[in-house]
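Chain naming follows the written order as A, B, C and D, and within any one chain the residues start at number 1.
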Amino acid sequence: MENLIALLIAAPLVGAALLLCGGKRLDRTGHWIGTLLAVASFAVAAVLFTDMLGRATDDRALHQHLFTWIPVGGFHADIAFQLDQLSMTFVLLITGVGSLIHLYSVGYMAHDERRRRFFGYLNLFLAAMLLLVLADNYLLLYVGWEGVGLASYLLIGFWQHKPSAATAAKKAFLVNRVGDVGLSIAIMLLFTTFGTFAFAPVLDAAGTAGSAGEGKVTAIALMLLLAACGKSAQVPLQSWLGDAMEGPTPVSALIHAATMVTAGVYLITRSGALFDAAPAAQTAVVAVGAVTLLFGAIVGCAKDDIKKALAGSTMSQIGYMIMAAGLGPIGYAFAIMHLVTHGFFKAGLFLGAGSVMHGMNDEVDMRRYGGLRKHMPVTFITFGLGYLAIIGFPGLSGFFSKDKIIEAAFAKGGTEGLILGGAALLGAAITAFYMTRVMLMTFFGEKRWDPDEVHPHESPKTMTIPMIVLAFGSVFAGGLFSINEAFVHWLEPVTSLAHGHPPFGATVTTAATVVVLLIGVATAWLMYGRRPVPATAPRGSVLTRAARRDLLQDDFNHVVLVRGGTHLTDTLVRLDHTLVDGAVTGTAVTMGGLSGLLRRLQNGFVRSYAAQMVGGAAVLVAVTLLMRGV
Amino acid sequence: MADLSFPLLTCAAALPAVGAVATAALPAARRTAAKWVALLFSVATFALALVIAFRFDPGAKGPFQLTESHAWIADFGVRYELGVDGIAVALIALTALLIPFVILAGWHDADTLEEARPNRRWRPTQGFFALILAVEAMVILSFEATDVFLFYLFFEAMLIPMYFLIGGFGDGASGADEGEAAARRASAAVKFLLYNLAGGLIMLAAVIGLYAVTADQLGTGTFSLQQIVQARASGHLTLGTGTERLLFLGFFFAFAVKAPLWPLHTWLPGAMGESTSPVAVLITAVVDKVGTFAMLRFCLQLFPQASSWATPVILVLALISILYGALLAVAQRDIKRLIAYASISHFGFIILGIFAMTSQGQGGATLYMVNHGISTAALMLVAGFLISRRGSRLIADYGGVQKAAPLLAGTFLVGGLATLSLPGLAPFVSEFLVLVGTFSRYPVIGIIATVGIVLAALYVLVLYQRTMTGPPKDDEVRALPDLRVRELVVVGPLIALLLFLGVYPKPLTDLVNPAVDHTLSVVDKQDPKPEVRVDAVPGHHRAGHPAHHHDAEAAK
Amino acid sequence: MNPVTDIHTLWTTAAEAPGRIPAPHIEYAQLSPTLIVFGAAIIGVLVEAFLPRRHRHTVQLLLAVLALAAGFAAVVGLAAGGFATTKAHLAAMGALAVDGPALFLQGTILLVSLVAVFTFAERRLDPASHGKRVDSFAAQAAAVPGGAAEQAAVKAGFTTSEVFPILLFAVGGMLIFPAANDLLTLFVALEVFSLPLYILCALARRQRLLSQEAALKYFLLGAFSSAFLLFGIALLYGYAGTVTYAGIAEVIADGTKQIDPALAGTMGNDALLLIGGALVLMGLLFKVGAVPFHMWTPDVYQGAPTPVTGFMAAATKVAAFGALLRLLYVVLPGMRWDWRPVMWGVAIVTMLGGAIVAITQTDIKRLLAYSSIAHAGFILAGVLATTQDGISSVLFYLAAYSFVTLGAFAVVTLVRDAGGEATQLSKWAGLGRRSPLVAAVFAVFLLAFAGIPLTSGFAGKFAVFKAAAQSGAGWLVVIGVLSSAIAAFFYIRVIVLMFFNEPKADGPSVAVPSPLTTTAIALGVVVTLVLGLAPQYFLDLAGQAGTFVR
Amino acid sequence: MNPVYYLYLAALLFTIGAAGVLIRRNAIVVFMCIELMLNACNLAFVTFSRLHGNLDGQIIAFFTMVVAAAEVVVGLAIIVTIFRTRHTASVDDASLMKL
């Protein structure tokens, strides 16, 4: 059975190879091949899943060793896969949502002459992402890690003729690279500390590392956190996600909402043992999570670009997950659960946004929307369900997962618990606010678009079907998972489980959640539902303006990194020319000058030659005598 | 210990030499014939290199195999001694592999001068390819030589053909008129030659010093690497600390110039920028490797103590090279100069790995030599194709090429990704090994070096964005033709190789590991041990035995 | 019996009552090389006197070639006869040494001169004037340049075929010079080969003003230096009471020699020795062209007819260094610690000075002159080794160097424009494009000068530096390699000029030489490559020839 | 009379000769100065020969004279040619080749 694991990755990889090297002859069929292989991968996943369910809880992990990759001295890396419950969850999410979005793209990219390549990239992404979650050691995970980075680079910049897209892609890759530095340093530390970087032995030893290892373990954990920040767009490395929306919407849905950006959560959960052994690192994790969930939410409120608004929300939701993961065993399971549900409804929301844009000639400014519910009912309904899910409307997926996280946060106990819980609640309120804002500005109110130019219409089946499926997921997933904690127990062998007890009972927190949610919705309705939305954005408060600019993060980057860097390199170039090279050319010049000087002695006059000879003879004699001291 | 079997190594070097003569002998009119002859010989050499690689047995005893040994200049204590270890085999294979592609890529580079000069005796085409083959012969010999003097001969002699290649043939893309371009080329060539000659002559002093020492202590002067190493091991030969350090510096200086190591690097950008891109590949992918190779084979093995004495300084210099090269690459306006500075940064990594004195470091460094050869070749050759189309090296003259020539852009991107050592491509393996190897002994340096990978991403992506993406710069760019068949034949295999070695580098590592272990044993260094005992030895839980309970326990 | 005392008896008895005069005992067979050459020279003079003009050139050429070849054969014969090693001894009553170094150097000189004769006889390069082939020597040296007499001479197709006997005389002197075993012979030999050279310098067909000026300078300075040499000899004689090397060495060895009390009061005898030694050294360093006694070299090399320059540059250096070696190793070993520091200094300034000044030269012949100075410095490094290795390395270097030099100057004669040879470097631009072969050959010579591996230049350089290093002169070696790095710069400059610069429209053309010059050049290339690739045989030769007879 | 005085004289003559070479312009005079130096050497030889009580020095003196004579022949030939060409015998005028 374990031999099927490789197949999971192989299918989309083959697809990528075919589509990218296939050439023009695949232009007509390419997208179907890509979709087919994605679905095939999902089928394999399903088979493996059923098999896994068939086995005893403690015997569910599978392991497949393909071949030895890099053996040098004590350094030994394998190409080997490990499929346990955690990986399985991800595999299902990735292949499932992935397949849906492939299907959606068939319609969405119908009119793009480079569609074949698009699907090639999508398949490439699937392969890399699966490698990431299936790897049995950190180095192989790193390969997938950078692989998804590459795929996202290619897909963000898919419309390369748009300079903005190319820039966004570059930015995404670079920021991710910063995170990758963290990952690679972490791997080096693992190697020097444990002599290996395969999950099993490392996580084994992590607990027993003892006081000697603790400092090291903390360092490792922090480096892993850095990596997670890069990939999952957490403060301070979040700046790329907003720009990443330059990519086609299916990409935003798949990579920048459902799967890739959650890799950081996976990494932390997977390395749970390390984090548990390094409390300091855990604190850092929760801090990052809390800050980001607020940061993202605030940004989300200010954006008029529907995709950027959703991007902000993604950031914030992942903040929740990271925070949960930082809480340790009481949070891992819920982090993953929120990750899955978020995968459903956020993907759904993005696809909905895409569908809207599809009908509005790729208009993204929500101030140009309004009253679209009549024109695209399916989109409206699916989007609406996703909306209810994300704000955590009781009974829908988001409610179950988010509520648990808030509980866990409070359960952390002490002031820390209060702060985290408070942040989580506040976040929930803001989420409700900005999502309602999006909803109202898009589907309600009077139309703010010119009927002569744009003719809003419902999208083709290939697009609506995935939306509907995802909508189902957003509605029921959470509920299903929570039936006597099925999901939590499913993950227990991997993440283990510790029940946290909030200072004031679970019901209280739930109630609080619902209340803040209503507050959020109400404010939004007061601001955008009652009065008409101005077609051009008002200047807004300082906070709003700052939020529109991602809270000035980019301005900071520009001033400090970009300009500073340019200055640095320019000076270096000058130095290289004047100083380093100058030193050499300098000697050459000096030689020339010296030569010119000495040449003067050769003045052509015999008598001066003779004089010099006499002088030479004198010196000769003198020195000889001196040597003897006569 | 000369085995009287067929002299493979000599033939491997003789073949291209003969090819060079044959090519040069062809009359001016038979230009195309010359090209084919050259190609033929280079391919044959590659075949021979493969034979060597297969005849070579990594597990065998003794540092060198396929050895040949004949008396040559007794008065100088020089013997014609050839032999290869894993490292040499790998690099010979690399050289022999790249030359055919270099020739193919430079198929038309030497034609242009023809029209300018209706002169029966002036045969630039023949000259161009003959010189390339001559370089190949000398490089291969210097990889094979186990006699210091013999090595030195070819180490120096290869400068001359290189010099003519750099100074004699331009890509006509400097934006200046031919006269001025020629002047620039000439000065670049002179700079190249003088730098390396100066380095070589310093080394000559050291070589002579080595002879004096051996002659003084062993009775008869010798240059045989093995003999000296054994003599030192057995205590028959003992260098005074001062002497050893001076000699080491003499050797290292030459190799550092060749490599090139900051601050001796300034000849490289000029040489690579002004010469045609195949020649640039020849410089950075083949010839410069001799420098780093020699550090491994001669500096470390002849002067172990001095090497460890100098290590800190060298590591810092290497570190500077890494960051400095990368930063300057970012600021370049000229595609080829950018790649040149990138190479400087990479050579920093190689030297870092060599002097980290760990099996990962040196193994990685060796792999790095090979992988960097392939990746730079891919990137530089594609860049050359691009430049030859537009007739300009300036980044600013491009933009949106991707729209006109997607294949070219794609291959260029792959080459770039290899240069920034993306996992899955060959360079990643070597770079990571170098970093780990360095980190395990010098953590701080390792961490700083890691920053280099971000800078690498920066200059590669900036280059790609400015040249390939965005709206097409102008009609000329819009009209750029995509890669031709010949060009695809050049790039395709290289990329395939990058992928293969990225996923399955084991053949290479198996080849290299024993040699590295031998070097380390000569230098008398062991890898540092991990602090925390892990009962589970890496890779022991292979073949699908369940790993879940590890995780379960770990999570408790 | 000891030859030294032999001489004494011969000369001192002369003061006594007239008795029978014992005839000096001379081993003619062992002196045959020299005798053959001198004999041929004298015959040559007679030929000039009695043979009709039209035959002279051919006859002289044949005569010279035969003589030199025969001389070489004789040398080989002697060497084969073991005179280089076992039977090495002093001939002609201690005046001349017949030993390894002597024979090796004589052989080299003879071969070099043989090749030089070819270039002397070259008559294809200059355009025929009045339908008569002309060589590079003046029609009538005595005639005023541009005067009526010269016109007439040219019209009549006069040629200075005297050059051949003159050359032979010079060669004879050079053969004696390194073999001379007492200071008197040394001095006489010096003059015997210098005077003909002075004349040869003045015989250029083109640019006679320069040629004559060169002759004048060479002559005046040469005479000046030989005066110093002679004074040095006088002082040494005063110190030792004899001029034979062996005698002086003996005296130096046991320094407690009782000298005339009359002298003892006035000056310490060592002062005589030291000053005398220094002056003699100076005389030889002048011939070698070592800084600071090198001033004549550039001017003379530039002014003299190029074939003569080649001959001088090659043969004179060989002879002079031979003499220098013998002097330092046979006479002055006892006072090594006195002359070594001085020679160190001389070697260093010579290496550096030659290399540095050459950088800014604009005339190819002057460039080669300075390069020859730099090389003199390198050879001195070998001389300083004061070991047998030192001797053999110097011998090898001389052999290698002389052929490269000859070849190089021979190539220079080929590159011509309206005004004769185009020695202006700027005119050589783009030569590689015009005639790749010639340029390539010249490049080979330049690379050999620069000491690039696989050329004879490298082998030689390595040999001398190795010897120096082994004798503990490490720093000299370092300076040596540094200055050869500097030197490399200007050799490469010429290569750049030839290959990478666009040819000038009015650039020079390369004349197609007769087989004579071609042979010379070809020989130069062959020797350069053979000594570069497989030097072992010749190193052995030099090694066997590495011991002086005392 | 102390024979050493002859040596002093010889040295003096030699110096005068050398100085003359450096000072005088006329080639002929310069040349004569060189002859003077040679003769100084001769004087030294003869003196030493006397001091050592053997004849070598005297014999050498004869050789020197012969050599000097030969030098005169060659030297004068050259000088005269130059004089006829340039109508001057100043050694300073013969300075076309320099640097």
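Definition applied: a residue touches a chain if its C-beta (ideal position, glycine included) is under 8 Å from a C-beta of that chain, and two chains touch if they have at least 3 such contacts.
Everything quoted here is computed from the prediction, not taken from an experiment.
Path length between subunit A and subunit D in the chain contact graph, taken as the least number of steps between touching chains: 1.
Of all chain pairs in this entry, the one linked by the most C-beta contacts is A-B.
Here the chain at the heart of the shown protein, by mean C-alpha position, is B.
Averaged C-alpha coordinates put the centre of subunit B at 66 Å from the centre of subunit D. Averaged C-alpha coordinates put the centre of subunit A at 36 Å from the centre of subunit B. If each chain is reduced to the centroid of its CA atoms, subunit C and subunit D end up 24 Å from each other. Each chain gets a centre from the mean of its Cα atoms; for subunit B and subunit C, those two points are 47 Å apart.
Residue numbers of subunit A whose C-beta contacts span two or more other chains: 588, 599, 602, 604, 606, 610. Counting partners per residue, subunit B has 194 as the residues that reach two or more other chains. Multi-chain contact residues, meaning those touching two or more other chains, occur in subunit D at positions 18, 21, 30, 91, 94-98.
Chain pairs that touch, as defined above: A-B, A-C, A-D, B-C, C-D. Residue ranges of subunit B in contact with subunit A, taken from their complex: 194-195, 262-263, 265-266, 324, 327-328, 330-332, 358-360, 363-364, 400, 402-403, 410, 417, 422-424, 428-429, 432-433, 435-436, 439-440, 443, 446-447, 450-451, 453-454, 457-458, 461-462, 465, 468-471, 503-506, 509-510, 513, 516-517, 527-556. Looking at the complex, you find that subunit D touches subunit C at residues 2-4, 7, 10, 14, 17-18, 21, 27, 30-31, 34, 37-38, 40-41, 44-45, 47-49, 51-52, 54-57, 59-60, 63-64, 67, 70-71, 74-75, 77-79, 81-82, 84-86, 91, 94-98. For subunit B in complex with subunit C, the touching residues are 71-76, 117, 119, 121-123, 152-154, 156-157, 159-160, 163-164, 167-168, 179, 182, 185-186, 189-190, 193-194, 197-198, 201-202, 204-205, 208-209, 211-212, 215-216, 221. Those residues of subunit C that touch subunit D in the shared complex are 7-8, 11-12, 14-15, 141-142, 144-145, 184, 187-188, 191, 195, 198-199, 202, 208-210, 212-217, 219-220, 223-224, 227-228, 230-231, 233-235, 237-238, 241-243, 260, 262-263, 266-267, 298-299, 302-303. Touching subunit C in their complex are the following residues of subunit A: 588, 591-592, 594-596, 598-599, 601-602, 604, 606, 609-610, 612-613, 615-617, 619-621, 623-625, 627-628, 630.
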